[in-house]
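Structures given as structure tokens follow.
In the two assemblies presented below, subunit A is common to both, partnered first by subunit B and then by subunit C.
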Partner chain A sequence: MKKILLAPLDPVHDNAAKLIQRRLSAAGYDAVCMPPGTTPEEVIAQALKIMPDVILISRTLGYQVAEILGHFVDLADAAGLRETTRLGVGGMALTREAGAELGFDAIFIGDLDLDALIAFIEDKPNPDQATSSDTAPQAKPDLTAGYTYQFHNPQIKSLLDGITDQILSWAKDKTSDGIERAIIRAEAIDQGIDLADAASPIAQQLRKRYLEFCDPEIRSSYLDGHLPPGVRRVLPSETERLPKLLTESTEPPHTLRHHGSKPLFFVQYGTGCPVMDVMHIRTSQAWGADGVLHFDPSWGAQREGLLSGLLSHEHDGTILTLENLKFINAYLPTQTLWNIRGHRGLNTPETQVIGAAAGADLFKINIPYGATGGGTDPARLTVDGVYALMLAAKYGIPFDIPGNDELSGVPPHKTFAGILIMMALGLKLGARPIPKPLLCNSPYMQMSGEMDENSIDINAAKLSIWREIVDTPVWPGEPVGFMTHTPERVQSAVSTAAYASLAASLGVDALTMASSDEAYSKGPISAQARVDTLRGVREMVRFVGNAGYAKTSRSQQMQERLLEGIIATLQLVSRRGDFVASIYEGLLGSPEDGLYPGRTGKGTVRERQV
Partner chain B sequence: MKVIGFAGTAKNTGKTTAVLSVMDHCRARNLRMALTSIGFDGEQRDTITSLPKPRYLLQPGDRVATACECLEAGTARLKVLYETGLKTILGNIVLAEVTQAGMVLVAGPNRRKDLDSLIHLFHEMDTDLLLVDGALNRLAPMIACEGLVLSTGAAFSSEIERVSLHAAQVAGLYNLPLDPLVEMPEHGGCIQFEDGSILKLSSGSLLEPFDLELPVGSHVSKIILPGLVNPIPLQHFVLQIQQRSCVDASLTVVLASPLKIAASGHLDAWSALMESKLVNLKVMRSIPLLAVTSCPFYPRWLHRRGEYEPAAVDALDLLVALKSSIPLTLVLDVVRDPSPDWSGILKLERS
Partner chain C sequence: MTRALDHVLDALDIETFLVCSSAEEGRRLAEQLMAELNLPKGDIVFLEYASPGVRVRLRAYLHRPGDAYLWLAGDQK
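And then the complex of A and B:
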């Protein structure tokens, strides 16, 4: 049995040392704890008597405290203890660099990580802190793993089969400028060619073909170097600073989960500047985010064609270029999941192509939302969306389906019907879908009063219904708590934390969170506001722990009404026999609901030439 | 190869500044240099006060022993020559050569045993001088070096008198006589009797009062304690032996080294013990204290703002006080006198 000597080199506080003693004793170690107020010399004297395998010191770091801790290490060395005994330290304000300066063999920062502590005691690599030089990188988590996508509701399955057959049949021989660009872009990437390379004859040929399918504004950027207003090239001086900024702190990342491996927590980024995005991503990851979603500017989705180069944009949303995505990916932490959204605009297929080339882990595709709230013509987005789903299947990259049309006022049963159509369509094409019910105080909720009494019943129903219908991962978003946020950051962080803990307690696989100033930042989102939210979520998830919300009869009734509404909506779409017409005619969300069919790209679908 | 350690009486006493001064001197003389640290050095800002720190700018051909995670952190380009397998919090230590000038972060061996191993490795290489930067107030690993430069100043105490008194106490330890006959296991203590017999003690350290069953009338020759010793229990122990045995007024006590004595702290008590003539202190091993550097800087804590600000005592006052308190030791202010003759001070010869 290994002996562990614990000592709080602190005049008063010994809670941490006592807690660790209890945990280590329970884990089978002979753990001895000295009282608060113990001096370094007394610890060494005790160590010389019992000859422990490990001494663990607990102390918050301050200026003169550093000398106390350094003195302790020196005493251990002078007493000859360091040949047999290893020294660890934990406490507030410590950093790994400070631990190295003090001369300890290990440092424990933040909450107690018993696995890391035991790994140190056993002199084994810490699974959380293993460096790339001594361990192979772990595979990123797969949100769809273990789900069969078996439909439990035969009526819904049958309706979806009919609807998706019609969609595929309708789209089969159609194409668009978006699809043609995606084909050219894939060709360029396969050949390792940069479309903007002026010196390459092959690039010139491909670029010429590509630009035939682009808007004049995009064409001009390739031919004359003119960038759209508010867009500029990122300077080398801006990118060169980044490696150094990122190496100044090596604090290991926090986790937001109190137990288990789910849910995974995602945050959205899209500051406009890829360099700033990297800082936001790394900050979010350090404070517990497991994944990030790339948000691009809405005007980019309304242009035919994608720009080229490392570009910064002075307003919200980071421009989708292959170079921007590759740059961000180069600084993405190895375990962080990365979602590229291409669900709503004229570049949907091409976005999947450059996303896959840049290393995306997840896509986002939703035809009903993109063809209404996203502003793209339903026919165009259906053709492009089907092609994008084929690409997602080809690349083996799961796609999520955000239900953000609810934000316009659509009742959730219509939104969910659209999500189910997208799921079935994706499955039929060999892709792996993830539904994203929106947890929000939407206009419909405000009108219907379904959240007047509490915010739990309807949102619990919106989450629980998915596995009643199909064996699927569930990822609420986007973000949770949408339309509950205010300009007051504490309120916004608390609201997000409450929704996140509700979702976590109901067994979702992932969830997306906004930063607490996202809705009202009036400028770039601040990193501090991100941390506010992440800290709030962490506390709330910890508060709920492995407890949960008990389902009420009211919530059950809401779920049943939701199911009836979904089936009724799917029946309407099925009876209409034309998915695109169903969107135009408002079957998945009407002008009365607050939803209008999109107009961008209208009339651009054409028959494919053989 | 010469191995010089740079220790401090506290954090921010100017160890790195002293090392930089030596490096400038040696670079001008084309000496082949290597650098390591028993802590973490070369960072832009202090890990605790966040105040700016002197940084290590190395040139092509310089060598450094540092932890893996520091390799990419600086701006110098480094070529790894050897992976030592020695562990630190920031990864295993590697020996690297600078191929393109730039800043380096240095986190080297933090245990004496590991520093010994590292020095052995550098001996195999074509290096004239290995500089070992210290950490905080830590001293123990520096026994592996051949000479010591001690940095002190206002960061130890902003009271100049305290700094100079402490310096005198520390410097006094380096003048303790050697006991050349001692050949003992590293950490085992014993009592030698005049008839040549030996009584082994359970430990080479003495940190608490210790009762020894010694026959009355024993003729104790010396006490040997190579571990860690606190002067107060030592005094108690010596008095106990003197009461039960026939010994001279002054009992010889052999300790490991001046560094271990200083590492134990209690310098006031050590000084009092030496002055009392109760014991005749000797050491098994010593290293020369080559110089003391004086640093007026200290970080001042601002309660209202919750942060540190740079502050300083009068540099000349501090220098004069130190020179006066340790007249037999060279005292330097490497900022006021940036070009000392380090070749002479460190007794360097190009190999």
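And then the complex of A and C:
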């Protein structure tokens, strides 16, 4: 049995030493702890008496740290203890560098890591610092695994069946420029052809066909090399040093979970520059993000056609090109899930094609939201959206359905009815949907006063209702706490953390979080703002631990009202017998709610030519 | 030897508490502080006054997305 001597070289603080003594004793070691206020000389005298294998010193107070600890190491050297005994040190007053400089064999910083401590005692490599070659790559988590998508509410199931049959029947013989481009793009990818390759005759043919379905601005970029304002090509010199900068860390990334394997935590990126994106993704992952969502500029969704090449953009949103996505994916940590947003614009089908080719793990498709708040014409996005869902099914990539139309003022029951239609539509086409209820202080919430008393009841209802209706994963977003954040970083991080812990305690599968720059509009999100919120969420999730929020009767009543509203909305859409008309006419969110049908791409749906 | 400033990934934030008698004075002092620290194009991210002063967070972007990133240049600068 190995003998450990613990000594707090500190006048009062010995909690850590006592805790470690208990843990080591429980692990089968002979651990002896000296009292606080022990002097270096007393530690050496005790060590010479019991001849421990390891001495662990702790120090909390920050004054005279180097003098006291240096003196202790000198005494240990002089007494000949170093030949048989190894010295470890830890505590709030220490830094890794200072501990090493003083001559300790191991330095323990931060939270107690018993595995690392035992590895030191046993003189084995730290298990947390295993190199990537030591560990076999693990499969990425599948958010939909284990869910049957069985509907528990037969009335809703029946309504959804009718509505989705009508959608599929309506869209069956229709096409758009977006679908035609997706077909050509898939053909090019299948043949390993770069559409922009000027030297390849096959590429030339495909490009010619592709550009027939593009806006002039996009055509010009392929034919003349002219890029839209604010867009430029990333030079090789700007990327060649990135691999050196991003060598694999031996430090394990933080996890935000205190117990269990759920939820997975997602952050959004889209700085405009793929190189900067990589840095933000790696920073987020290092501080605990399990997944990232790619955000593109809104103007890109309003153009027919996608640009080509590794491109940087001066403003928010990173341009969707196959090359940008492949570049970012090359630097994604192995375990990080990757979602490509393509739910709201004229390039929805093609986004799924290039996303799959670049290695996306998840898609984002929501016709009612994209056809209103997203600005795309309802008929166009319905045709394109159905095709995109078919692609998601073909590629076996789950898609999530954000309920962000609530931000315009739509009551949650209407938004949720739209999400349910998307779920049923996806399921009918063989895809795997993930509903994304938005936890937010939306205009509707502010008007209705449902969050006046507290922020828990209604949001708990918005989370709990899904599994009352259907056996499904649930992923609140996007991000949680939308419209609660201010530019004050503590408030912002705390708000996100509170919403995240509520969602985590209610058993969600994933959630999307903002940075503490969420409400700062005069510049891009900073890396430190990402860390702020990730750190805050970790603390709050730790605080709640395996406890949780108990559902109140008020929350239950809200959930019941929500269900009634969902059914009433689906009945209206069903009775209307025309999904596209239902969006135009505001059945899933009206101008009175603050929502208008989108106009981009109006009149661009046509019958498919056989 | 590279400058530490070159290693700032994107934004440099300065957080402090300025003793002053109003939010307006605090704002003026915050802007003056950015100038004194030679941080051009600085911005006030957050400022809140309660006597005896303002809690303030200032920001200057040293690298905006798409800039030539000095942290990427390393020894080749």
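A few remarks follow.
Note that the second predicted complex is superposed on the first by the 471 of 610 C-alpha atoms of A that agree within 3 Å, B and C clash if a C-alpha of one lies under 4 Å from a C-alpha of the other, contacts with A are read in each partner's own complex, and residues count from 1 in each chain.
As a working rule, a residue touches a chain if its C-beta (ideal position, glycine included) is under 8 Å from a C-beta of that chain, and two chains touch if they have at least 3 such contacts.
A quick note: this is a predicted structure, and the numbers were derived from the prediction, not measured.
By the touch criterion defined above, A:Arg489 lies against subunit C but remains apart from subunit B after alignment on the C-alpha atoms of chain A.
Residue contacts after overlaying the shared chain place A:Leu112 against neither subunit B nor subunit C. When the two complexes are overlaid on their common chain A, residue A:Met92 makes contact with neither subunit B nor subunit C. In the superposed model, A:Ala27 lies in contact with neither subunit B nor subunit C. Of the two partner chains, neither subunit B nor subunit C is touched by A:Ala145.
Of the two partners, subunit B and subunit C, it is B that touches more residues of subunit A.
Of the two partner chains, subunit C is the only one that A:Gly272 touches; subunit B does not reach it. Of the two partner chains, subunit B is the only one that A:Glu101 touches; subunit C does not reach it.
Shared contact residues of subunit A, touching subunit B in one structure and subunit C in the other: 244.
Of all residues in subunit A, only 41-42, 44-45, 48, 61-63, 66-67, 70-71, 73-75, 77-80, 82-83, 95-107, 131, 133, 243-244, 247-248, 250 touch subunit B in the complex they form. Against subunit A, in their complex, subunit B makes its touches with residues 10-11, 38-41, 43-44, 47-49, 67-69, 72-73, 75, 87-91, 107, 110-113, 135-141, 186-187, 203-205, 207-208, 227-228, 230, 256, 259-260, 263-265, 299, 301, 308. Subunit A meets subunit C in the complex at residues 232, 238, 241-242, 244-245, 271-273, 275-276, 279, 283, 312-314, 486-489, 517, 520, 522-524, 526-528. Considering their complex, residues 9-11, 13, 43, 45-46, 48, 57, 59, 61, 63-66, 68-69, 71-74, 76 of subunit C touch subunit A.
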